[in-house]
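Both complexes below contain subunit A, partnered by subunit B and then by subunit C.
After this line comes the complex of A and B, so read on.
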C-alpha cells in the first residue's frame, strides 16, 4: 500500500467495534452515545473518499480498480454500521416512550445525542397524535388486566387528583383504591406503588 | 347473540376454555354416530361470526401471527368500541343511581357483583383493543420504509396509521440523515446505499427492510380445497382440519378468502 497522509484508515474496524459495543450492552439500558467513535468513522469515510479521488485517474489499471472498490466498500460498510448503531439505539429510545412516558428521566436523556432527543420528542408527538385520533391511550394495560381497581400506596405527597369517583388526596404513605387507568400513569411516574393483591 | 345488546363477552372466554382442549384431541376415525372428529376439532368458539369482540380477537391474533400487514379491521373495531362505550355508560349510570338511592339490600348487592364482573370484561375488551392497535403500530415501525413505499401495504392502514407511519419516518429520517450528512457526497441518503450506482432503484431496495414472507407459520384449514395451486405451480389436496407448518408465502392466498379457507394458529 502506498503510504498516504491518512493513516487512520481501518477499513471498517472501528465501525465494527461500535456495533459490538451496542450489541453487547444490556438491551434494557441505553449506554452513552459514542460521539467520538461516530466522528472518527465519519472522518475515515472522508479519508476513504480522498483515496478514491486520488486513485481515480489511474482507474484503467486493474490493481487501482481493486483499490477503488475496497475504499468504496469500506465507506458502505461504515455507513451500514453507523445505521445499525443508530437503529438499535432508536429502538431503545422508543421503548422509553412506552415505559416511562413523556418525561425523560435525566439519567436517560444525558446518554442520548442531540439527534436522539429530537427523535424522541418527534416520536412521542407522532404517537400522541395517533392516540388522539383513535381516542385510546395505548400506553395503558401493557400487561393483561386483572382488576379494574387496584390498591396503591402513595410514595410522595402529590396533592389532590380528580378521579371518576371524586377527588382523592394523595398524601405520602396513604393507601387508596383507584381505577387502574387512572393509577397507571402515576405508578409509572413513581408517585404511587401498586400493592400486591394476589 | 341472544344477549339483548349483542355483547356476548362471557361466551367468548368460556368457549375458549371449553373448546380449545378438544382441538388437541388425536386425529381419530369417524365417530360412532358418524361425526368426523377432524371436523369437530375446528372449534366453533373461534368462529368469526359470534360477536364483534370475537372478531376483533381473531383479527388481533392473526395480526400477531401474520408476517405482513393485514387490512385494518375498521368496522369491527368501531363496533366493539361503540358497544364498550355504551356498556361503560350504562355501568356508570347504574353506579350513580345506586349512590343516589343510598339503600342497601340483597338485590343491590347482587347487582353490584354483576357490575363488577362486567367491568372486568370491559377491561379485557379494552386490552384487546389496545393490543390490536399496538401490534399494528409495532409492525408498522419495524417495516416503516416498506409500508410507506409499497402502495398495497400502505392501503391496508387506517388513516391514523398512515399519518403515524409518515410521522415516524420523518422523525427517523431526520435523525439518521443528520448523522449521515457528514459522509462524502453520494453516501448521505438513508434509503439509497450509494447514489452513484447505475441502478439506484435496486440499491434502494437493498436498504429497505421488508417483512419475511417466507417465514414459517402454522396454517389450519377451515375448508376442503381439493386442488390448490401453490405458487411453484404444484397442485395439492387440502382437507378441512388439516394443520400445516409451511412458509407463509406458500398458502397466504387461502387467507384472502372471505370467510378465509385457512387460518393461522
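After this line comes the complex of A and C, so read on.
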C-alpha cells in the first residue's frame, strides 16, 4: 500500500522550516523569497493528494482511513504554513512603503517575488490615491504630532521660501513658526533648528 | 492711531486674522528683558492659534529700516508687530509700509511719535494703556494742505494771519511735547499679559504669561524706568492674578504620619512676597549680596573704609558672624536667616537701611528651583548683554537675544544660572568701577550744569571691556548717580563715557538725569534730545540709532567738544526752564 513517492513526503516538516525561517529573521528586513521551498511544498501537497487518490478505494479499512486522515491533515498544514509565510512577508512589504517611501531600494526589490513587487506597486498607488483625496501626506509622521506647526530658528541665510501661509524670508538668527512638513526638509538640511522652549 | 486698554485684545484678534493671509512679521528689540517677555507671550498666543510668524531681533533703527524695505510688496493684508521699538519714530516712514500692511506697536518708550498717534493714521496702531494717565497729543503736521480741513470746524474764513499764528502755536506745542525727553509707559510684557488674560490664554504653559508679566514689570523697576508708586500699583494688580491661580491655595507644607512637617512638592508655583533689596541673594553670600546691592552700597557708602566698617558693625548688631554671612546663602542655617531678618528691622534704620524690603514675586518649581523675579531679570539681562559668550554663538545681538529667550523659558535652568553668574561678575565690576569714580572728587568732572565720568580714563582695563553694552554702562551710571544723590548737595545730570562694542575709535555715552525718568511727571530724560543736538552742532561723527534714545556713540576725538556742546545745550535748557517758571 505505501508508494514510492513517500520518501519525498515530510508531513509538514519542510513547511515548518519555512515558517521558522521568516520568524527568526529580523522583522525590519525582508529575507529573500524562498521560491525553492515554496515549490517543494506545493509538490509535496500534490504527492499527498496522489496518495489520497490511491488510498481512497480501500477506505472501508480502518488502517487506510487513518492514512487518509494523515495525508489530508498534512496538506492543510502545508497550506497554513505557506499562508503564514506569505502574510508575514506582505506585512513587511507594506511597512516598507511607510518607512522607505515610493523608491524601493534595489536590495529590497531583489528579495521580493514577482507577486510581491506587483503588490507593492499597487499598494503604493492606492495609498497615494487616498492621500490625494484627503490632501494629507500620511507618511510624514508615523506618530501623530502634538502640533502641526513647529517653531524653528534659522541658522544661516537661506533666502525666501514659499509656504502655504505665504512667503517666509529665512535670515540667520530669525525665528519662525512653520508647518511641520514644510520645515522638516530644511531641518534635515541643517538650515533650520527646531526650538523647544516649553 | 492709539489703541486703549479695552481694545488690546481686538488688536490681537486682528493680528491673528491677518496672519491667516501671510505670516505675521514680528520685529523685537534686543535691548531689554521686557521685549523678550512680551515676545514670548505673543509667540505663545500665536502658536496656540496656529498662526505662522517670523520673528526678527533688531537693535537699531537702521536695521529696522533695512528689514522694512525687504517686506514683499504683494498687496497682501500683512500684520507687522513691533515690540519695544518704533513707537518713538514715524513707523510708516521707517518701515516704508506698503499697501495692505499694518503695524501694531507695543512699545514702552515715550514720548510716542505724533504721526503714529494721529487718529488719521490707520496703518499704525499704537497700544497705550489709559492707566498711564491723560496726555494731550498735539497735531503732528501743520503744512498748508491740512489747515484747509481744520478750518471746517471754524466759523467763517480765516485770514492768512490767524492761520500763520495757529501754525506757529502748533509747532510750539509739538516742540514742547518732544522736548520733555524720554520716559517709559506700561511694560509691553504686561500689555501682552493683559491680552492673554482677556482671551483666556493666560493659563498657557502653566501661567507663563503671568510670570513673564512679573519679570517685565521687575525689569522696568530695577532699571529705574518705573516710579515706586506705579510699581506698587502694578504689583497689586498682578498679585490679584497670582492669587487667582488654580494652585495658589495648595498648602506649602505637608504633615507626615509621625507628625514631621515637610515641604510639599509644588509644581510651577508663583508667590507674592517681600524680598530684600539685596543683589541675587539666593545665588550669592549674604555679605556679598548686601555689599553689591545698589541699595546697601549707597546707603552705607561701602566704597569708603567707614562704609565697610559700618556694614561689619551691622552684622555685629544683628548677631551674625562674618564667617556665617560669607558662606553661600543656600548653606546658611534657616534660623540664622530668621534671626537676621528680625534683628535687621530693629537695627537697620540706625545704619541707614530703612526700607530694606520690597514687594515682589518668586517662582518655585519642585524642590530645587526657587528664584525671585529680580534674579531672573539680572540673569536674562546679562545674557542679552552678551556677557560670557561661550564661543558657540557668533556673539551678535540677535544670537544673545535667542540665548536669553531660551533661558527665560522655565525649563532651562542651566542657561539662566550661567546668566546669573555673569550678572554677579558684572555687578562686581560696577561696584569696583563705581568705587573708583566716587573715591576721588577729581574723577567726576563738573562741566557747567553737568557731571561727567569717563570710564575710559579712570577705569581699570580688565573691567572696562565689560561695559560695551549700553545696559551695562547704564547700570554703572545709575549706581554712581544714586550714590551722588546721597552724598552731594547738588544733584546734577550725569554723563558716563564707556567703550564702544563695534568700533574702537568711538565711545559709548549714556546720560542719566537728576531724577529717575520713571514717568512724565518727574520729567523725561532730556539727553534723548540734547545728545543728538550736541553732536550735530559740533559736526561730530556719531551713531544715534538705538531704540534707547538717551544713548549715543561719538568719535573719541570729538569727545571733548561734544561734552562742552552738551553742557551749553543743558545751560540753554535750564535757562528756558527758569524763563517759563517766571
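Basically, the second predicted complex is superposed on the first by the 139 of 198 C-alpha atoms of A that agree within 3 Å, B and C clash if a C-alpha of one lies under 4 Å from a C-alpha of the other, contacts with A are read in each partner's own complex, and residues count from 1 in each chain.
Operating definition for what follows: a residue touches a chain if its C-beta (ideal position, glycine included) is under 8 Å from a C-beta of that chain, and two chains touch if they have at least 3 such contacts.
From a predicted model like this one, the values you see are computed outputs, not experimental measurements.
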item: Which superposed partner A:95 touches (first subunit B, second subunit C, both, neither); value: neither
item: Partner chain(s) touched by A:151 [first = subunit B, second = subunit C, both, neither]; value: second
item: Touch count on subunit A, higher of subunit B and subunit C; value: B
item: Partner chain in contact with A:38 - subunit B first, subunit C second, else both or neither; value: first
item: Residues of subunit A at both interfaces, subunit B in one complex, subunit C in the other; value: 147-148
item: Of all residues in subunit A, those that touch subunit C in their complex; value: 147-149, 151, 153, 163, 165-169, 171-179, 195, 197-198
item: Subunit A-touching residues of subunit C, taken from the complex the two chains share; value: 19, 21-23, 43, 46-47, 50-57, 70, 72, 74, 76, 205, 396, 398-399, 401-402, 405-406, 408-409, 411-412
item: In the complex, subunit B residues that touch subunit A; value: 92, 116, 119-120, 122-124, 126-127, 129-130, 133-134, 137, 141, 159-161, 163-164, 167-168, 170-172, 174-176, 178-180, 182-184, 187, 190, 193-194
item: Subunit A residues touching subunit B - in the complex, by the definition given at the top; value: 38, 42, 45-46, 48-49, 72, 75-76, 79, 82-83, 86-87, 90, 94, 115-116, 118-119, 122-123, 125-127, 129-130, 133-134, 136, 138, 140-141, 144-145, 147-148, 164, 180
